[in-house]
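Okay, got some structures for you below.
Shared between the two complexes below is chain A, which has chain B as its partner in the first and chain C in the second.
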Partner chain A sequence: MLLLWELLTDGTHTISTKFLASPVGIAEEFVRLLRTGYAGTPLWAHFTASLGRTLTGYILSALVAIPVGLWMGLNPYVRAVLSPLFNLLRPVPAIALIPVMVLWFGIGETSKIFVIFLASFLYVVLNTSTGVATIPEGLIRAAINLGANRAQLFRHVIFPAAMPSIMTGLKTGLAVSWAVVVAAELIAAQKGLGYMIEDAATFYRINDVYVGVILIGVIGLFMGMSLEAIERRVMHWAGKS
Partner chain B sequence: MRNHSRREVLQLAGAAAGAAVLGSTHTSRAASMNVRIGWQPTLNGARYFVAQHEGLFTANGLNVEPIKFTSGPAYFSAFLSKSIDVGFMGTPPAVVGIAQGVPMQIFAIENYAPGSEALVVRKDSGISTLKDIKGKRIATKRGTSGDYALQTALKKVGLTLSDITFLDIDVSALIPAFTRGDIDGGWYWEPWQGEMVAAGGKQIVTDGEIGIAGGIVWVAQTDWLAQNGEIVERLLKAVDQATAVISKDPEKAASYIVADMGVTQDLAMRVLTKEASWPTMKQTWEPNYPLSINPASIRSDKGLIDALSRQADFQKNQGSLRTSPDFAKAIETKYVAQLIGAKA
Partner chain C sequence: MIEIENLERTFPGRGDRPPTVALTDISFSVAEGEICCLLGPSGCGKSTILNILAGFDSATGGRALVAGKPVDKPHPSRALVFQQPQLFPWLDVWENVTFGPRMSGMPHNQATERANRLLGATGLSDFKRHRVYELSGGMRQRVAIARALINQPEVLLMDEPFGALDAQTRATMQQLLLSIWEDLKPTIIFVTHDVDEALFLGDQVCVMSARPGRIRERLRVTIQRPRTLEVTTSEDFVSLKRSILGAIRAEVEASSA
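For the complex of A and B:
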């Protein structure tokens, strides 16, 4: 596929490199960026800026969303109050929140991290509460009949049963966090892969745009794979009821 | 007999009005010509809005399909994919597009804007002259005319970018950041310059005052421009007629801008009458016009060429562009020449 791509662009010029950069062109640009950086900032600094923001926002969201989601799943009153609010917020694109975020949190890191936090939080909370609410009634009754108290019930029945759904939420949340970083970096970012893409588009440096897009894709893929490896290790019981 | 739709009636009325206004025979032809115009919400593109509201495009036998962009660089892909025919943009994005090989050419000047871009600071920033920005947090958007102005201004007072805290901020985040005090000041164009003043800011210096004013140019897809001379002529005629509306009745022209952009009438009036000016096509042909497209000016690197080349050199020094192109090849003056009866 790469060979065909190279042939169509650099090789035969069937597709102008103004539309689709050639693989060799992108690779050369990548090496150049590694050597000289982008806009005075080394490439690794753009990478760590984006990754740092994403992971901070994501981990915070997991820490808050799992307890809130569990509470929502266990308590129908809490669910009735919070669920409509979260459902209302979920379809709002992160980019639409930018002016409000700047007003609330300023142009520093907080506003960017909060955009990522919010996007991920809404997915983790949804999956967690659904996971708890859809546990078969019989499973819970059986545990109660066997004499489980509230803590035991939660620890040995509810949490493990909701875990696969929580994990799905965490995976979606991570993908969303990484995708949202580009939007978050429109908020007065001075570095980051999203910033790099946006700035390169301003100057129509199309090879830099492609390098940024590919890096984001590859890193996203790697992050997803890491989380799945963790899932296999932690949740050996999934799918074996 | 079928009924005429509202649109058809309007088009017929427009064509009739066009014939009356121009007294020319060829514009009264029933078939109007289609043109896709890329536009953006900038007060400096005033004649486009006036021409639309006054029905001047229709009167000249043009059927305009307007396509909205938020800034100049967004046009590039549209020109490459031939999804728009013409548009207007600031000189900095025009420089970037031409230098990067986007198939587009400049064919007319929209305005000259010495006062509609400026450094505006917070009253509590302690900045009262340009020199005072040393050590302050100053924002603009990289690659824009504001960026070019800020860095030229720094050089003028013997400072460099490292003497200030430079913040690259898009207009969408500017006013909240300015209001909160996250930045001490910003170098932006209208309507943001006026919005910062309205938010309690103080204007320090304009582009014109540091001698680097640019403006807005009309650009077209290169192939389309070569093949559609008649549409271009009609467009230029409509734009020229809009100039007359701005000079005769600026209040009315301002009200059109208010309707399209949601700015205040005061701000629109200030831009139209004080900060910027809209030349007739004839004026842009005069060799001493700041953005002159007279062939003599172009040959001697003056007027528009001078403004474009200086911006290209700046972007090259910044490392944002790798080449400084031959702008003479990117300017097509024959249509303006035909319109005003000059020799191209």
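For the complex of A and C:
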């Protein structure tokens, strides 16, 4: 496929490289960016800026979302109050909230991190609460019957039983966070892969745009695979019966 | 050990539906170390009796006493074994069996000794570190039985525990249960809809009828122990079976008439 791509672009000029960069061109540009950086900032600094924002927003989000989700799952009253609110917010893309975030937090790091926070929050909350609420009654009865008190029931049964579902939320949340970082960096950023793409597009540096897009894809894939590997190790029972 | 007197359970009606009488006028007693089988069709309330004894449900009338005390809440001294094994899939066989002792803080040595003994009795010694999803249905149910017995319950409440197993595995499990029972002599209430199973296991059989659930007939099974599968073709067994089937047939005719 790469070969065909190269043939259609640099090889035969069937497709102008003004629209679709050639693989060789992208690779050369990637090497150049590695050496000299983009807009006076080394490529790795763009990468760590994006990754740092994503992970900060994402981890904060998980730290809040998991307890809230557990609470919702355990307590029908909390669920009744929060569930309609969250379900209303769910179809709203986090990107649509960027103007509000800017209004609240200005154009600094806080608003970017908060957008990422919001992007993954609902996925984790809703998966966690569903995970808790759908634990088979039989498992809970078995644990109570075997002598588990409330705290033990939570720690030894409810939490582990909900883990596969929490993990599903965390995986989706991470993917969404990473996707949103690009959009978040549209808010007056000086560093980051999203900034790089946006800036390169403005100055028609097509090869740089594609380097950014490919990097985002590869890094996202790698992050997803890392979570999957953790999931397979820790949640060995998920999906088996 | 267990005394049930005029037990009644009515579920409240919802909307314009009338209340459902699940159990009415249930009385029987089970002596210590005895196996009592509750035999009846689905919907006759036999599981409700177990849930009341386990403390997961409350009677709306009458009394249920275990060891002289009324049942109020769940306790490991009244252990349940369900139709589905309800094992914890994130734990291995050993961790499932020792779940109760970990919750109660039983000394480690004591728990280990009991677990080893029960795993030996249930033929699971070689499977301690197996994941529960790697086991067959029969083995899972054996883990569930070991997990219930490790707390040394006064009463073992079994709710159609072999109902989901194939016929051959079921026969093996019945014999295994009897051999464990001969060894530890727990008091057992065993719910089933299988006449042969009730007669093979029980010291007494309570034949129940449905809507409302009541005990139609109580009979003692005097077939000598220890029992092997051969007794299922003995004359005593067959005549008891005939009388139970007769009672069931009369019930069916009465309800369809």
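Quick notes on this structure:
Keep this in mind: the second predicted complex is superposed on the first by the 239 of 241 C-alpha atoms of A that agree within 3 Å, B and C clash if a C-alpha of one lies under 4 Å from a C-alpha of the other, contacts with A are read in each partner's own complex, and residues count from 1 in each chain.
Quick note on the criterion: contacts are C-beta pairs under 8 Å (C-beta built on N, C-alpha and C of every residue); 3 or more make two chains touch, one makes a residue touch a chain.
Just so we're clear, the structure is a prediction, and the values are computed from it rather than from any experiment.
Of the two partner chains placed by the overlay, only chain C lies in contact with A:A143; chain B stays clear of it.
When the two complexes are overlaid on their common chain A, residue A:F19 makes contact with chain B while staying clear of chain C.
Of the two partner chains placed by superposition, only chain C is touched by A:Q152; chain B is not.
Contacts of A:A201 after superposition: chain B is touched, whereas chain C is not reached.
When the shared chain is aligned, chain B comes close enough to touch A:A188, but chain C does not.
Annotation: chain A has no residue touching chain B in one complex and chain C in the other.
Interface residues of chain A, counted against chain B in their complex, comprise 16, 18-19, 39-40, 98-100, 102-103, 106-108, 186-190, 195, 199, 201-206. On chain C, the positions that touch chain A within their shared complex are 54, 56, 74-76, 78-80, 82, 84, 86, 88-90, 99-100, 102-104, 131-133, 147-148, 151.
The residues of chain B lying in touch with chain A in their complex are 73, 76, 80-81, 96-97, 100-102, 139, 141-143, 167-170, 172-173, 175-177, 179-180, 182-183, 315, 319-321. For chain A in complex with chain C, the touching residues are 136, 138-139, 141-149, 152, 156-157, 160-161, 163, 235-237, 240-241.
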